[in-house]
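First the structure, in the form of structure tokens, and then the observations on it.
To keep things simple, chains are lettered A, B and C as they appear, and every chain counts its residues starting from 1.
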């Protein structure tokens, strides 16, 4: 028997991580908070539901940044509380129970919370319990704008006095910023906060971390995945191979004291150069024919695509963290409609063109592309090992600005869906064909006999 | 660029854990063993199967407290062994193979075990192997009573000489305890051990830890989930909002040296007060009209509901730990039937009333309620963070008595279903629509050609 | 209240691990590398696809030893690269994109890699990026033989100069080894490398670790699971109860410097004794009537069953590690066919007899038997606690020879499918009814509007 171990030579090969990558360690050190934000940034405004998803007296349960949230609309006003009974942790929204307009009661043991502030105001079967009035569940400020419901997702001890206006977590508005960010080629992008703003869109759950989803939104180098989209061919667009930064400041930060924090990309100006040719691959574009648009992103991850998919319309997107591996993908188009007729026309065109060709056909490709990254990033490998190139300046800039200005890094969820990846109830739902999602699963009374 | 970090104020808010909760840290310290018993209490009697589930010569595999167990009935007598071949760990029950009446053989490599004591008595293809006679698998005492099969689930080194009688792990019996626990309002509750006792019921797998299931069984504050059950409306019951302890000893412990260890609640006596009104919520009950019943619970988690759902009948429940996040839920009604006619009448009423309206309709709500707690407790968060109120004295008393008297805390399962939450075979079964359960999946010979 | 803890006696029982087991600790210490090889042995040749699964210009993605691998065939020649874009980790094969014959381009951001060596040769939209030419992805040598594609799955820094010929990872060849391993009873076993060798078979994913699968292949003690297979009854075979080693060298190692490393079992010689009787169980075989065959196994886990299922045919099997809990099971029959007519005849008999009765009917039982072991081994319990008997000398010998001669132990996968057992994309696929497997899930353009 040969007892000698085989001799193994190891030669140096060049397939290691390149020291030319844009995200070298010096760069990475400037966005460590972003790398830590697997569960999202907390103490920010996030879209929770479309207004029409929460009609009068409806109760819905969702989860953002690992925090379960229950919403109820009473007399038109919306209230939001932590959706986890302080008694034994069940979700209030699983079987909505309300005995009056000012409270919500846990369906299990009757713990009752003031909608306004979350205080434990009574217990159905024990009004005089010592607990009453001494504890409660966190309440969340709510705003409604343009047909969307926003919730300020705060840490339990974040003071309500410090809650900023919704506008600080939405893209900058025009025309007030025309001078700083001129865009001569198209009309002002409408804001959700404009009078008459109408938001049409959808939201759905994506199976990836919110950050890799978000970075796809303003990624200037992913044109390849869209090259065969129906809208491109239907409108005879001719896209460049990509676009490259061509200026010392291709991106401008927005970091005003009282404004949104993020970045604006100077697309379709001379600060970015369309790439028309790749000789090595024999690729060559003769003449461009496409849409001009401009992308920006602000904390906590709100994309704005101006002048898209046509004039007077802007597309917003959010990538709302549910857990560290799920996000709610919001795709919303906003237009200011001054009359019901304008609104109907917008709705008609949205239903028949934008929904199928843009939010589905076009953005479906983005959704799948993000999910294709999930395995690489899921175990942390990706954030260290990715090798970024010049066009990734956008992602890196975003990571840095988000690291500087976020209002808090969400703690890993505790005692909530997704905190234990393999909780038995989650596995049973998988067996039933239900992937983890955004909404609470309601308990049906099955008492059919 | 603004380099200054934003200033963040943090004001004190009252939404913290209340120091008025019943489960304060002093209380929690008295039931630490219970908090440790995620996989159950071992060295106790548990129901394994209904007698009719194990006809002559049938072999079945189940799992209790993380211990896989195979049962075989031979000439009427039932044997139970550890269902994990000591050779390479497969479950004997997956493809039952028996060559005689006194043994069971592993279908894979022929390792053969004495049913009586688990000794490796031979190997099919190697009768003289040195291993034979030197090792074996653990055997478990079995008792059959009232149509149910009980197994004493012991640790490998728990002496058979120390196995207590089944009666020590069942509720106390009447009339011998009438003096201590008088119940003038109804007939004696039958015991499974009574002559002529007939047990009818079902068992099914619940997706939660066994403890949160068990605590629901004798929880006096969860009337809300039952308020709209068909049986309540059909029988015109008017339930109180809840009931509150109203005496210095609302609960009496049962801790006799040679008897079951647990507690009895003095329900429907003046020691508990029905709650008729909650002014804050405008709720008021005029006059009660309902069943009188009494609940008790003994180790290892056996509930008794006397006088339920009608006179002469008692409902037993068990919450048998399978893993730390699955339990087998047993719902059994017992009646002493002196004649075949009485038995037939009980069976008829059970099939047409109790099964649909009680074990299904009514108890279905309990099943879902327990599962609604699972996420909160699955990562350990719940046991520390729950805020219990006055009526939870029942759960806390149970936790303490169980901590004092259990015969052992089950170790986390090893090498068995559920020990590795994401074993590939488990994932494949999820994909096939099969949630983890109680029974072994049998191997079918697919050799159809 | 009785405060005294119950007294617990513990008597010594004999149900502990036997000191007579063949895998005592001295034995175990000789195969520690094997115990560490949960993700497989790396720097070996593995089957990747059947030739017909990769027609001209097709791109496929698979995973071996936790390494994702993309294959493309161009002008008949096959190239293999790491199937993980160095940019952001997506799999190149998910949406194959190739602009010329010498490269493959990432469908997401256009990173383009030379098929020949994996070098990052260009980026579609940034041909001049500093990254280009400074980094790349690992390339893997490929060989095609007898209708099968083999890939040398190497660590990133394993020198290409050191890659051994495919023959070093395939069973020894006849007639050149007739003298060392005489087999007078049957014709020479054909080799995949013989001229005219035709390989017919299938591969499918098994839900267990590759090692417990592999050990089943040459296990002489598992006849029980095959006793009722249709082929056994159809051909009137009478099998022994098992066979036992009957000689000081029942197994011979193959450890030539430049040859495959493994073992050959002297089955159907006097070195192994058929077991005809088990008196304790009343089992007795009168006269054998069966096939003579011989099994051997070589690194990295290639089984050869000579003279099976009939003369002139040999069955090869591989148990290719995908992750630590999934393997690709290859079942291949090889015959040398000198004419097209012979080939057609072999194919006909394969389709109508060997595929249904052997690769399915017979080997299906092996597949299920391996999966039955998975829970026991999944948490590491099995490798320490199994109690092996005399016939397991085969497995132990294999473990030792594999420990001595493997070319590297695969590191746990990183950033790849199965590295995170519960990545959200994996869970979604479970909910969709798709168990984790071997092939990449392709991205479909759903742009149907």
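The rule is short, and it goes like this: a residue touches a chain if its C-beta (ideal position, glycine included) is under 8 Å from a C-beta of that chain, and two chains touch if they have at least 3 such contacts.
Keep in mind the model is a prediction, meaning the values are calculated, not measured.
**Q** Give the rotation angle, in degrees and rounded to the nearest 5, that superposes the C-alpha atoms of subunit B onto those of its identical copy subunit C.
**A** Best-fit rotation on C-alpha atoms: 120 degrees.
**Q** List the interface residue numbers of subunit A and of subunit B, divide the shared ones by all numbers used, and answer same when the ratio is over half, different when under half.
**A** Because under half of the interface numbers appear in both copies, subunit B and subunit A meet with different residues.
**Q** Suppose each chain is reduced to the average of its Cα coordinates; what separation in Å results between subunit A and subunit B?
**A** Result: the chain centres lie 43 Å from each other.
**Q** Using the touch definition from the top, which residues of subunit B touch two or more other chains?
**A** If we look for residues of subunit B contacting two or more partner chains, we find 421-422, 426, 430, 433.
**Q** Across the complex, what residues on subunit C touch subunit A?
**A** Result: residues 84, 86-91, 94-95, 97, 99-100, 103, 105, 107-112, 118-119, 121-127, 129-131, 134-138, 156-159, 161-162, 253, 255, 257, 404-405, 407, 414-417, 419-420, 422-428, 430-433, 443, 445-449 of subunit C touch subunit A.
**Q** In the complex, go through subunit B and note every residue touching subunit A.
**A** Its residues touching subunit A are 1-3, 5-6, 8-21, 207-208, 212, 219, 221-225, 228-230, 240-244, 275, 278-283, 323, 325-326, 356-357, 360-362, 364-365, 368-369, 371-379, 381-382, 385-391, 421-422, 426, 429-430, 433-436.
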